[in-house]
Amino acid sequence: MRDYVEIGVGREARRTYSLEDISIVPSRRTRSSSDVDTTWHIDAYTFGIPVMSHPTDALASPEFVIEMDRQGGLGVINAEGLWGRQADLDAAVARVVETVNAVDSMDFTGEQAIALLQELHSAPIDEDLLAERIGEVRASGATVAVRVSPQRARELAPMVIEAGAEILVIQGTMISAEHVATGGEPLNLKEFIGSLEVPVIAGGVADYTTAMHLMRTGAAGVIVGGGTSTNEYALGIEVPMATAIADVAAARREYLDETGGRYVHIIADGELSTSGDIAKAIACGADAVMLGTTLAPAAEAAGKGCFWPAVAAHPRFPRGLVETPQECLTEGVEPPSLEKILQGPAADPFGNQNIVGGLRRAMAKCGYTDLKSFQKVGLAVKR
Amino acid sequence: MRDYVEIGVGREARRTYSLEDISIVPSRRTRSSSDVDTTWHIDAYTFGIPVMSHPTDALASPEFVIEMDRQGGLGVINAEGLWGRQADLDAAVARVVETVNAVDSMDFTGEQAIALLQELHSAPIDEDLLAERIGEVRASGATVAVRVSPQRARELAPMVIEAGAEILVIQGTMISAEHVATGGEPLNLKEFIGSLEVPVIAGGVADYTTAMHLMRTGAAGVIVGGGTSTNEYALGIEVPMATAIADVAAARREYLDETGGRYVHIIADGELSTSGDIAKAIACGADAVMLGTTLAPAAEAAGKGCFWPAVAAHPRFPRGLVETPQECLTEGVEPPSLEKILQGPAADPFGNQNIVGGLRRAMAKCGYTDLKSFQKVGLAVKR
Amino acid sequence: MRDYVEIGVGREARRTYSLEDISIVPSRRTRSSSDVDTTWHIDAYTFGIPVMSHPTDALASPEFVIEMDRQGGLGVINAEGLWGRQADLDAAVARVVETVNAVDSMDFTGEQAIALLQELHSAPIDEDLLAERIGEVRASGATVAVRVSPQRARELAPMVIEAGAEILVIQGTMISAEHVATGGEPLNLKEFIGSLEVPVIAGGVADYTTAMHLMRTGAAGVIVGGGTSTNEYALGIEVPMATAIADVAAARREYLDETGGRYVHIIADGELSTSGDIAKAIACGADAVMLGTTLAPAAEAAGKGCFWPAVAAHPRFPRGLVETPQECLTEGVEPPSLEKILQGPAADPFGNQNIVGGLRRAMAKCGYTDLKSFQKVGLAVKR
Amino acid sequence: MRDYVEIGVGREARRTYSLEDISIVPSRRTRSSSDVDTTWHIDAYTFGIPVMSHPTDALASPEFVIEMDRQGGLGVINAEGLWGRQADLDAAVARVVETVNAVDSMDFTGEQAIALLQELHSAPIDEDLLAERIGEVRASGATVAVRVSPQRARELAPMVIEAGAEILVIQGTMISAEHVATGGEPLNLKEFIGSLEVPVIAGGVADYTTAMHLMRTGAAGVIVGGGTSTNEYALGIEVPMATAIADVAAARREYLDETGGRYVHIIADGELSTSGDIAKAIACGADAVMLGTTLAPAAEAAGKGCFWPAVAAHPRFPRGLVETPQECLTEGVEPPSLEKILQGPAADPFGNQNIVGGLRRAMAKCGYTDLKSFQKVGLAVKR
């Protein structure tokens, strides 16, 4: 059934596809984009737009998370980032941004900024500080989602839920339902999730089997992909996103049948930059997307255009680039608001602004008015 | 029959090909290029060369449209562009060109020029002004073709025909035979086209089914492709042109059979730059091409080398780049005449000049002397 | 049998391969490169190395042609180039080189140099002058090969043979066995070749059928490919060389059987830059190669590093780039001798020098000691 | 069984894959990277990490070889390099480095540095000097591996073993089990290896048949690939590494069966830069890797960032580039220690540092704890 090739005598590999390899093909009546509904749900929570932010301090200032909520999306706070480690959060982020911008862009290898991130993250997590900050966001009325790593989930989850987290995100660049370590007790995600009172979104995964196991843990949502990690270079691990999303969507159908109707939401996190990419991810089977660099230029983002994923701060083996788009460095250029990036109006023609408007128009031009049915739109592979 | 691949478990995509992916393979006697006939017809109108201009104010000055006619082609006026919105048309276009050229080419993101286009297009259409300008071109004796969008076709078509339009072009980046909007009456193209006294060319489309529906509306010609739009990035929608043209040509054959002989002309509009691209488009099944950037360097073009498609001026979600080829910015370089670009002689070796001569030679080297039979020439796919 | 894909409904294209797409795979014992024999024959003429030079004034000074002979190769003179048109040949070539080098390499579009070539070639051919120059080369004892176009073959061939040409090269970028022009008499190559006393090498061709027809005209050699023409951009015509050479080699086998043993030599002319490319061309079935840019840096070449194919001078539709490798422009760098380029020793690691040594080593590492048997070496396609 | 395509009529080529074409797909439980065992053996020698250094003077200073041993790897000394030819080894290497760095990086063609390498290697091998230097390394307690070419193996092997070599590496860019030269006696590797008292690692090979023959000579290890040679450009010979490694691994399985259990180790040497590449090579079937440019930035490396393979010094046909990564030229930047490159901690996110940590994590994320079983991990081909 799958498409396998023999790369060498007796050794097979599966042919896989990235979002860049595919495109959407309209073949029905067209509709008006104002008739399109982009509503999306996790558990009892309803979101007007299918957009989460990647859990990184480069995005999540309190202001950013609150504005994400106001726009209908979901901003995610990283419990293991700087919120709980640095009393002066703004100053800490500003130091990273300054280091990035001070380096000549031609010689930049990212090492100085990563070294600084490693240093800033070597401070221990002050749970009171973290709880206080989570509480402030909760107090604003915004929906609060907090990310923990699988390694520290047992330790930190009770505290962040207590502090106000309404959705727990258990996320590593690549995780499994059961992590085994000699001399430690494996984290049994099923038991753990069962013990929590809040819905859990878990990932990233990139294949059918791991996704199926993750769904069976009771997760409300599964994240597909490794975000903007450099796993490809550092680990040799990469599953192109079109294939990864479609595989996990197939696991979801199987699980839906197995459970007689439990629908697990799929959130794509990887290869996502423009509104066209978002439309493709949903066309492959995702219900929502988790965005990183796309949201980084927003005036409300903590990093002021500078972006890094959480894994860039790993103490021994960082796997994420610290980057600043050139336009964010240009003096005198006003950064766009998060609203402009999400809802427009856009002056950029490449789908970097009004990204939800772009998704609406992609759906409308193909004759679809809701996200779920758009998952069946026709696809083409280039060549 | 079609070539489908499984991109993920249970999710298929069709393998498609761009003009860049293919090439023409000669395999017969060669002929003299002077024996080649490039004549092309729409309804009662005969054209010496199978070339239309893309409906944009970057090309269509009155002078440009008249010269296109003199060269045997067809220049298309955009009824929703600046001709009817700006009393001083030359000054308005000059402002755009100036904005583009003022920006340092390395930092250029196109946003300033697009913002200006949005502003200039926010002025309402002055129907008297538009009619007067259309009338001037008609008075020159040139064939007059005017483009309207599907959204405003009912409103504007009667007026532009009254003003002198002999061919109506109903064009959006991607359209269907029936556009549905809640609370509005869908545009029934068949009824609408049936009510007009002039031949209609409609598009763009990119697939067999939509093209078939469009042919059944009574259109004399169907445009394949989305021009130079950035739909790929902004919407994720893209059908590589070699596949799109061949699919629509197949619909044309089917429709010809269905109607017992009604031949709908296919105009390719996308991935077209050099004379080699034009030859490939016809080899895939097109009868003519609609050119944009290729014609932009012409001295007669309004934009003096600067080009943008109509959709670049969209108020909320622009999907076209404003661009100027480097050589048009070089001081002291004489711009080529439209005649030189179309009919030569060329000094450029890459098929940017004497593009009709290039088409003639491509046909002659493959042993064909008319456009229709050249649609059967042998093709190769690279790799 | 062939590998065809459906690019659109009902439209097929053949999958083809360039030399860059393939590589040679050793799988036998290795040999010493000093045991390799690269001898090659056309008719009664024997050459120590399977290398012809492309017929362009950028290469063929008398000194260059004589040195090619001394090195065991064959330098080709272009009868329709500047040798017969410009009394002061050195000055004419120097003007072209100067024009090329005067232009800033970043802005260079080649148009000024092409316009100059067009002007220099607009002078009529002075047959006495041409004959005198051909005679001088013949007097040196070097084997004399002269190229004429199919269009002017009848007119010029008798004169160049009279002047001393021992091998006639009838070459256009793409030719057929029978060129048809209304109101003119088609050139019947078979009759024409039969009337000549010297062996004829003809081309370029790129497919099985045309090659078979060309072999049946009695040509001693067939050229595969269009040299360094820009046909791909200007005409949309391109047959990737690995496929083209293999197809013509198959026609050669068929023709060998048809004639009971007449062996037509195949000369590859296209996609050839390094010694690795040459080895691949022979591995695909070529007996020899025709080189252009590879030989241009030679101190003996007329253009001093500057290169253009004959078709770059076409009066209405030039299809060749005038180019100068950056290193030829660097002051104070000694140009390599033709001997160094052909026979080494090399200091360049990319197969731009000692190209025959490279071919020898490629053959030796695969266990072959003659060109003919090396045509059976194992090949790989990348991906 | 194999995947063959017809590149032209009657001419086939096998489809092959590079490491860049593939990626690793996790699909099992995850494990802790601290539970991963990367131990590797050759004969009686055990190594903590599966990393050998490429035999070049750009890496192998005595200090470098000793540190490789300390880190658990194996540094290889080139018996035909400068150790035995230049009394002042440091000065000789410094001259090369200086020549490379003196050249403007934009104009650099490598020829000056190669010419210098050719000059330095034209000095004869002083066996006493070489023996003394090998002896010094042996005296440090480090495992001593010395490389000889197949051409000079008979002459030099006894001397280097006498001097202290514990492992002999017989390596050319492409070798076979039997090298034939007219007028010379072919080197019968089987006989030769049988006569030695030390284990032999031989290569490079790139196909099943040659590898099988090499295994039958009694080699303890077989090197797959041609390192960082420019064989692709210079010879047209290239077997993409994923296919080459998998083919040789298949030959190993066959040979294991044939011999009833003799396990030959496979060392990959080519297309290797980051830790991700190393993980992929082992996933394809390699037991260890031979690294060149990856180790060059180490403070202990002789070339101080500058790298060249042994074949770059070939007197008539060099096939290796002399290169310096930009960051090694930047003043004031501290070079990383070999320990940092091999074992971290890393600040670089692209797998250029802590490469063994990267391999451990790749294995752990796929649920494997030893190198041998990781050879069965799931693979994907991109597209």
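The letters A, B, C and D name the chains in turn, as written, and every chain counts its residues from 1.
Following the convention adopted for this analysis, a residue touches a chain if its C-beta (ideal position, glycine included) is under 8 Å from a C-beta of that chain, and two chains touch if they have at least 3 such contacts.
Bear in mind that the values here come from a model prediction, so they are computed numbers and not experimental data.
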{"item": "Fraction-based call for subunit D against subunit A, same above half, different below", "value": "different"}
{"item": "Copies subunit B and subunit C - rotation angle from C-alpha fit, nearest 5 degrees", "value": "90"}
{"item": "Chain of greatest Cα-centre distance to subunit C", "value": "A"}
{"item": "Between subunit C and subunit D, centroid-to-centroid distance (C-alpha), Å", "value": "39"}
{"item": "Interchain centroid distance [CA atoms averaged], subunit A/subunit C, Å", "value": "55"}
{"item": "Interface hub residues of subunit C, defined as touching at least two other chains", "value": "15-17, 21, 208, 243, 381"}
{"item": "Contact pairs between chains, per stated definition", "value": "A-B, A-D, B-C, C-D"}
{"item": "Subunit A-facing residues of subunit B, complex", "value": "5-18, 21, 107, 109-112, 114-115, 118, 174-182, 184, 206-210, 230-240, 243, 312, 315-321, 381, 383"}
{"item": "Subunit D-facing residues of subunit C, complex", "value": "1-3, 15-17, 21-32, 34-35, 208, 242-247, 249-251, 253, 274-280, 283-285, 326-327, 330, 344-351, 354, 357-358, 361-362, 365-367, 378-383"}
